[in-house]
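Before anything else, here's the structure in question.
Think of it as A, B, C and D in the order they're written, each chain with its own count starting at 1.
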Amino acid sequence: MRSLNSDASSNLKTARQKLGLHPKAPIVEHDDLAERQSLLWSKVRLVLREPFAEFWGVFIMVMFGNGSVAQVLLSAGQETAPGKMGFGAYSQISWGWALGVMLGIYVAGDSGAYLNPAITFSSCLYRKVPWRRFPMYFVAQVLGGFVASGVVYANYINAINRVEGDGIRTVPPSSTATAPIFCTYPQDFMTRTSMFFSEFIASTLLMFVIFALKDNTNNGVGKGDKWFPLALFFLIYGLGACFGWETGYAINLARDFGPRLMSYILGYGTEVWSAGGYYFWVPMVAPFLGCAFGGFLYDVFVYTGESPINTPWLGMKRIIMPREAIKARREHHRRHKEEGMV
Amino acid sequence: MRSLNSDASSNLKTARQKLGLHPKAPIVEHDDLAERQSLLWSKVRLVLREPFAEFWGVFIMVMFGNGSVAQVLLSAGQETAPGKMGFGAYSQISWGWALGVMLGIYVAGDSGAYLNPAITFSSCLYRKVPWRRFPMYFVAQVLGGFVASGVVYANYINAINRVEGDGIRTVPPSSTATAPIFCTYPQDFMTRTSMFFSEFIASTLLMFVIFALKDNTNNGVGKGDKWFPLALFFLIYGLGACFGWETGYAINLARDFGPRLMSYILGYGTEVWSAGGYYFWVPMVAPFLGCAFGGFLYDVFVYTGESPINTPWLGMKRIIMPREAIKARREHHRRHKEEGMV
Amino acid sequence: MRSLNSDASSNLKTARQKLGLHPKAPIVEHDDLAERQSLLWSKVRLVLREPFAEFWGVFIMVMFGNGSVAQVLLSAGQETAPGKMGFGAYSQISWGWALGVMLGIYVAGDSGAYLNPAITFSSCLYRKVPWRRFPMYFVAQVLGGFVASGVVYANYINAINRVEGDGIRTVPPSSTATAPIFCTYPQDFMTRTSMFFSEFIASTLLMFVIFALKDNTNNGVGKGDKWFPLALFFLIYGLGACFGWETGYAINLARDFGPRLMSYILGYGTEVWSAGGYYFWVPMVAPFLGCAFGGFLYDVFVYTGESPINTPWLGMKRIIMPREAIKARREHHRRHKEEGMV
Amino acid sequence: MRSLNSDASSNLKTARQKLGLHPKAPIVEHDDLAERQSLLWSKVRLVLREPFAEFWGVFIMVMFGNGSVAQVLLSAGQETAPGKMGFGAYSQISWGWALGVMLGIYVAGDSGAYLNPAITFSSCLYRKVPWRRFPMYFVAQVLGGFVASGVVYANYINAINRVEGDGIRTVPPSSTATAPIFCTYPQDFMTRTSMFFSEFIASTLLMFVIFALKDNTNNGVGKGDKWFPLALFFLIYGLGACFGWETGYAINLARDFGPRLMSYILGYGTEVWSAGGYYFWVPMVAPFLGCAFGGFLYDVFVYTGESPINTPWLGMKRIIMPREAIKARREHHRRHKEEGMV
């Protein structure tokens, strides 16, 4: 049963490497059976293991996130609701996104559960995740958000028709706008700078706290992987309750651009791009800069593990002094061989 | 004290097997005393251990679930409440069902805590729970919902009389309808297809996330039985807050049909069946299909453990090729003997 | 330093036994220093260890519980609140009592953290807690509720004056009644039977779930002391959100009678006793019967550990057949000597 | 790589001791690399490790705390919100501060995560934290609150302008006052004594429960560091929901004075000091007295570990009898040498 088909195995490794993934899939040893590898789909699944995990993690996150906005927005003020005040207020949106992230992390355990290109980005920058992983993760994350928002639309199509009118689909500041179900639109009193700042600072908090939660050198208070999903619930809830008003706390390209594209395709018009003074690029760019800054702050002020910040000239030495760079690269490769990790 | 009465013991095993249960009750070794087995009731309890567990698990779940709807619906707008706005809004129903499931799982630890025929169904389909367990679990689960809803009715009978008038019991779209306390009725703007889709997709999410939470091969993020009840709190809360409006997120025959039957018996009239265009069958059928689909998605895209999906032709080979089926069955039996498990 | 003053030590034991407590205080071994026992107060504290724990546990519970009612009730509708709708709605009272119980359990770790005479009662009945412990626990619990409600009154005296008028203190159905801050008053549409039933069924749920959470023989789902306080949060929250309207879910003599007595002393008049048709005795009696019934159900249907229910004739044999009783008593004593436990 | 530069190392120790910190930074052994110590910033970070931790812990706490007040207060009643009732009610402020404290504790793991000068104070008083640590912790904590409130202001500046008018900044009782975003102002019906009492009693509860949660001699209920941040969530939530109305539950100089100073600098005028009858000093003084009293109660009635309360004359003997003091001091030093701790 375990007569390893080493050709098949090495094919898999090659395929995974081409996609930028670690040659060995993150899979429990005794499940990695040669027998199953002879099944075509099992091969595909092994090759695409982390992208699948990120896809489904983001899918779950956006299902609950977009779903909560849909329910609160579309049922607002409904008198036949138990309690007579609709099926949820704004706070339920904080719940939706927060538990969506928590459950998404449980689902995406095999890929690191970034669920956010900006977090992958910062992890590449500061935590030695290889840059070549970024593209596949990015694609999987955006696709997860794109598909999930389509399913949410399909689920709420009757209710959207009821609020907007059959076939009418509008974007804020329309008073019946349902586009905010899918992606974020800023409050109308915001200046461009403030929009950017709001997304930036929320992303900074996101990354700073995640790095603290993942930091095994931060002792004194018990942490650990088991607590991570629950702590993220509180973190995302907090961002929604404390910094969610002005720009909708996208803080994630996959959660904003994916559903925005879907809403465009579904007929919300070019206003999905032009609304708020072509706001759409802010939640694409600000999270990367905010997360990078949050990671920077954490590594500068708290982190004592290995980080480019904790090297001479904040890691810039390599760029300026080629010899240092070569030395670092050599050390890098040596370690990989030892640990069987790339 | 431990002179095992082996006749009694084998009678118990026979009785349990006839009910489709594992011959050995899931009971801590040193509690399985022969002495107690001589007590009639202890025998009954050993024989019916898992059905009792499922009954009480669903009972607790429905007590809190139906109880929360009753309190919110019946007290809506009451000015003498502290806070002057009744005793809870819709979000408290999300709380009620979510914590009801969580506490039900704690109660039903000995049976696997499915609390939902559709989840038992998917576990038979994908996780090797023997099909012959299904009927007894089904009966216990439905009875649990049936009895609990009767107790909730008894508890709230004064308040129901106050809202509806003495002896009057109505079903939506009546403006004083109290039938939604017990089982789900769809929103009036929903098409039949959308009703079905809403229950289907919520059940898909339910099963997909539960399989992720129960998946020991899904590494990277700490999970474990200890976290399962709390994670289910968030999952059920999310389904209520994000997909609970349109059709009331029944996603469980035991939680919907059991109380519906009770409400029929209690005098809500045949409208409990005919309301919403004979909607009652949707929350009976859709959860099975939705959970099956959710399990399918998880096993296709993420799961690497043993699953019919992870075999040639998605497990269909057995059906088509008798020799494969016989081989599989033999392997199946051999393992049972080794593990003492059926 | 450890020259044990055995006279002092045996005095302590005698004192504790007279109070119905275990001769040995539940205290970490190396803290039980003879040196400190020479301090008068340390002696007192050792003697009264469990009563102190219960007192403070109930104190914390009632501080948060009564405090939450006070804040929600007194600030209702205040327009200058952030959010313009007062400082909390009914759901915040569910939060207050639930987290009060949770934190009270953390505080009262040394006494078993019953915090409720009805739970002590059921534990004596079904879980071998000696009956002679009951009186001291009872006194400590009631005192805890009594004192805490006085502190809450002192804290909110300005606000009570503002709502009721200086020196005016009223009880429902007065429209400015502030007495419900301290103890429970039933809704006016309730019949006496329903009032009793409501408290009874809530107490039944309370005890049933607590026995499940404390049941180490209930396998399959991870439990454990560490999860107990959090699970109790959800349990108490659920009782408030699902069964808290009709009679205010006292389910606890210490939480209801203690503060009721305090409110009587503080000048709310004899109406605190006569309101609701002399309702005050219901939350004193119903919890005992409800908890006893909840424990009965759990032991009959689920529990397989040692319980009088799991003996011939549900433990009645002892009463009817003296020889059985003597045998049981002898076994009881033998075990105590072995385990050094009473 | 590990050729320890012992000069550098001893310089660090000296620098830390001058600041009142333990000579050895709380840092995972193998991260304490001599190589990195040659980097100037790494040196600074080692020297200021605990102050940095406290700074960022308070920063995170106040970001979420002030942020939640800002969002609820500024968006109150906004009809374009999903749900049509603004972006959160008062309960969301309980969430904000509670999760802010929880996440702050995760961040500040290396310093003990006091996040509150009054808690540092009580820990010095009762738990042997050296008094010379107090000043540096104090400065770091206040700075954290000061800086965070400035960032919150920057984030919400457009929204503040919208509510108050451009450049107008007011303090209660102004009907458009936005100063309560930053620090606390008492309700207008409160007497001075009641204001003080409200802050005092909330601080007492805070310290009493924290000492219970940190008490390893409090057995019976599982505790542990891993549960501490979550338990603090519930504790702070409870203080907000049950004792947050009258004076805004500052219970922390760093959280109140820091942001108050910032709001003064930002142009809210001298009314930030004079409002409520120069209320500002109450949340500076009351928390120290309240926390000291809470710690006193816990140590008198529950704690059996080492505490000045658990010594003759409540620890006063040292003051009165010099010989006792000398003996105690000698014992103190001996232990330090053994444990390498000061």
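Brief remarks on what is shown
The rule we apply is simple: contacts are C-beta pairs under 8 Å (C-beta built on N, C-alpha and C of every residue); 3 or more make two chains touch, one makes a residue touch a chain.
All values derive from a computational prediction rather than experimental measurement.
For the pair subunit A and subunit D, there is no chain touching both partners.
Residue numbering shows that subunit A and subunit B use the same positions for less than half of their mutual interface.
Centre to centre, using the average C-alpha position, subunit A and subunit C are separated by 45 Å.
With centres defined as mean CA coordinates, subunit C is found 32 Å away from subunit B. The residues of subunit C that reach two or more other chains are 86, 88-89, 91-92, 224, 227, 230, listed in rising order.
Contact topology of the protein chains: cyclic, one closed ring where each chain has exactly two touching partners. Residues of subunit D that touch subunit C in their complex: 69, 72-73, 76-77, 86, 88-94, 172-173, 175, 180, 187, 189-191, 194, 197-198, 201, 205, 208-209, 212-213, 216-224, 227, 230-231, 234-235, 237-238, 241-246, 300-302, 304-305, 310-312. Against subunit B, in their complex, subunit A makes its touches with residues 26-28, 31-32, 36, 39, 41-42, 45, 52-53, 55-56, 60, 63-65, 67-68, 70-71, 74-75, 80-89, 91-92, 95-96, 99-100, 102-103, 105-113, 151, 154-159, 161-162, 224-230, 233.
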